[in-house]
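Both of the next two complexes hold chain A, though its partner changes from chain B to chain C.
This part shows the complex of A and B:
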């Protein structure tokens, strides 16, 4: 059954769509167009004159070893965040899927981190991990571990990965739990009757049926880790020490707003924009596939 | 091939009791059919035996060993589910081979068993298909195949035919019976289909509200139902159950609807006036010019037979099955065949046998 209202004429429908169109133009198309335009310009050192340079900014970008480093770092960061947050979320979802007491509360608590703003979450992490004032940081130092994520680049990376993954666990948890609950109970019971136990049963029956969810979440987590973690990283390490936690989004910010290389930074954001577009297309394809079946 | 003994099997979900102590002893190779109304605990009983539910109390003795505490994986029991529960991501072959691979069976043996089962069940051409590419009947056969390749100690069937159309059901019913006989695997079969209940089993277990009310051969259950519940449940159309009083020194029943009928199989115990329920199957009522008048409510021609539902003045409904067509649809004169009466106590609902106990002298 189809229920839709058809408005007469053209003026009224346009009037109804206008606010949404306006929002899209003002907040997306306009800045995106500006970014594309400024990615093809270069300002003189004093910012007085800008000059059209075509693809030059992009050529510079892809021959810049620092940019290549940042791409590599981002790949490592994204892979780690996706793996960690999905792994933990799956484990928690499997636990929550069982008949346990108080699982209602357990589920609600697990969803909380998702609602915490990145800056607030970062402050909490600092309060835990700061080498001098943090609970965990102090304990580590007291026990002979030289802990200072503001100086040690490996530790810094671990901290931003951990904090970013933590925030995404809730989201993944919800999807994994829904996925687990849509695995027919009778199929699991059939596997039990066939003699399958524990991890083997999970690997051969549950996991294959969960694969659509896993693929979907891989895309979502990569998009999240690549573009949505700026707030967390900026608040925790500002991309440092050195460039050790400078992922692509952080680099856009640093080059554009701190080093004032607007053209180069715009070129980077245009590259990122294409990245997002491709990942989103991929995500839509998975979603479309899922609703087909 | 194993014996199965259930000893005082009880199950409660929380505070709600579902099974109130089921006792059962099955010889090796027997096919036992479990029937009962929806919600009486048939599936629960089967799932207890399977190990998918834990009994609250009681023993499940399989081949002399109490398996009540064992994981289903360690019981060597195969189950066919109502909705088949095939592994959606596996081919037909893998669905059947899964349980064998877990048991580390040699590849050649797995291949042999699956191919053989597929041959028997006419699945040979479908072995590489996924379940979603099969029809309902084919899925059902895969589910059967998955159970038989295991050659388990026990088969459990939970209404495996209820999702099939009528023709397919008849074919599969015969197929299941043939396979079970040939393999000689002890089996429990849950159904609420009358015909399956009568034709499929060596014995029939009638469950009512979590209690086993009768355990006997299908013919025995049909001919000598243990109480009014079984009497009304087995047989279609259902038996007429009429209130009556004992009369003539226990030699006859005075029906509330009028006629008094003598017992052909001997007197019943008790004083005259004892409240009874008399059961008469619809096929044991016949047209009789000297019989009582039955106003007709509904006529259902079934082709070879006609079922007439009548309504007497006191509101009592009466069903008659007549071996002819074209009966009057206003009123009939009906007689009762005395040889086929079933007599029950009105209070307890239990069957009262004729001639077994002495007639009280009063």
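This part shows the complex of A and C:
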């Protein structure tokens, strides 16, 4: 049974939730409202002449083949980052979830990258992979591999995916490790007595019990890959070469803050906002149902 | 205890009017800039010198990040009524600032209102032109101006059997030199086993140097309507046969390994001064960094030209930034006057000369140039006047005055994207330029709509 506390009157409850409401209004509703408003206007950077244009910015956006390319690119990028970082994290978590010497250190080292700021992480990757100054980049070129992510779209995409996934592995690792540790020992032992071994036991017993964690992490990783990778991409490739690493959030930044196209950039932000709302709704539906069962 | 603090506070408050009455308050003005490193220290020096030179104005110089960041910050501040008195805006932001109407006070308006004398004739024509209206009125104050130059590694030239005193003058000579450098200097055996990659040639600022400067030198329009000076309905024109030939030459050299694209804007700069490139095109403002870092003999030369397009090469156009006077509702006439005083201060020949010699930017006034000459600066540092020679070559035409295009940073970015595609072999030179022009024109139309409504 749930315990409910009923407060008399309405003033006191309102007072209690007021700080949270205020934060939501000031830091979410207000800016989001502003974004929606400016997405329907065309204005010069200074906001001297502002004209209401309705859906025109959105129409421009969805008839622009470059924007559609950017959406496709973002989906590929997010899927790759989520798959790679979750796969590696799960592998590492399974390895860490047993009695090994120096387990504490091993875990700390794995969690470390999470504390590195995106731009700093990108600089580390540049020092490694830059074709002219990078340690690995130079070695590759010396050994006859034409490595130049500044001028090779495929390599550039691989670099930003790798760098972004690397940063998220720690986060996923923590959750997977916690998830693995909460799998009841009794279930595993029962499976073992039934003769289920290694991979089979993992796939049929552990993984289903880990599914809530997996779903949660899929949503978190997609949101991470879509938004928090901006610093990494901007520092590594600025969206280039060509447009090959320009994801939606990089495009919002470029159009809004460098090209000073406030209306178009806001329209893109609104599209992104609806993307996140949908992802979150999906997660609530999925996880909500799971826990109802 | 509490009461005592209150009392002290009250006393302090009471004493404020007394002191300000005894000593007239200085007019405080704020200057937002985007200069880092040695150039940033130089701004602080100028602020110190200005504050020491008179007693009525106090200037505070604040670093606001990169050029785009500074511009964005200034715009946001203006919208909030908190604009700085002076903002340093890069040359490609000029089109946007001119459309800013009430947000800025143009130099000629400032001079008129404050009665201060600011004579456009004292500025170098190539500098003045970029920041002036079509009728010759100056809109913003020229400050740090540079131009595109060709830096070359004299040691590499010797190894490659080229005459280090005779840098290539035409693009054909450049291509020959690039191939020679590739054959005889930038060979793997010459590079230390674990050393950095060595390449024949590279370029910074691809869009600026290889297209914008190329157009100016050969008197080709970069855009219609006199490069945008005569109307917002301008269209890009840099997909001519001559432009395509130039880009194709670079693509061919890249294919043969005699030219290497190493990034956008100024990111390729270190490639030259670390000794990894035989020739590196870049801004003349890169001089300070080269002096500090290069461990080889180097020199600067003017950008090459193509005699098949024009036998009389013209002046190059400037890069860098200018100073814009910004407005605010609470701004007083005294403050505008103080801004004017500062603008006058930096334009004085000795100050202009000092800034030029400390940074590698060109003197923006002829007085500053003359003063540097008199001090024997160019005898002591040969080649330091290459940028000035380049800017003052020929007569300024409507194709070499500068660019007056809205959202030019975005257009440059489009150029980078299309060129990068061409360098990967995904499209030809002509297709790349056509598509850049087409995409760029859409940006110009958007800009036109946004400032016309």
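One rule holds for everything that comes next: the second predicted complex is superposed on the first by the 245 of 293 C-alpha atoms of A that agree within 3 Å, B and C clash if a C-alpha of one lies under 4 Å from a C-alpha of the other, contacts with A are read in each partner's own complex, and residues count from 1 in each chain.
Keep this in mind: contacts are C-beta pairs under 8 Å (C-beta built on N, C-alpha and C of every residue); 3 or more make two chains touch, one makes a residue touch a chain.
In this text the structure is predicted, and so the values were computed from the model without any measurement.
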- Consider chain A as the common anchor and indicate whether chain B and chain C clash or fit when overlaid. fit
- Classify the contacts of A:153 with the two partner chains as first (chain B alone), second (chain C alone), both, or neither. second
- A:187 contacts which: chain B (first), chain C (second), both, neither? first
- Between chain B (first) and chain C (second), which, if any, makes contact with A:107: first, second, both or neither? neither
- Determine, under the contact definition given at the top, whether A:260 touches first (chain B), second (chain C), both, or neither. second
- Task: Name the chain, either chain B or chain C, that contacts more residues of chain A.
- Result: C
- Look at the superposition and give the distance in whole angstrom between the closest pair of CA atoms, one from chain B and one from chain C. 51
- So which positions on chain A get touched by both chain B and chain C? none
- Touching residues (chain side chain C, partner chain A) in the complex: 68-69, 71-72, 75, 78-79, 96, 99-103, 193-194, 196-197, 261-264, 270-271, 276, 407, 409-410, 413, 416-418, 420-421, 423-424, 426, 443, 446, 449-451, 453
- So in the complex, which bits of chain B are touching chain A? 50-52, 71-74, 77-79, 81, 83, 85-89, 98-99, 102-103, 146, 150
- Message: Under the stated contact criterion, what part of chain A meets chain C in this complex?
- Response: 42-49, 51, 131-133, 138, 141-142, 150-153, 238, 240-243, 254, 257-261, 263-264
- Item | chain A - residues contacting chain B, complex | 184, 186-187, 189-197, 200, 204-205, 208-209
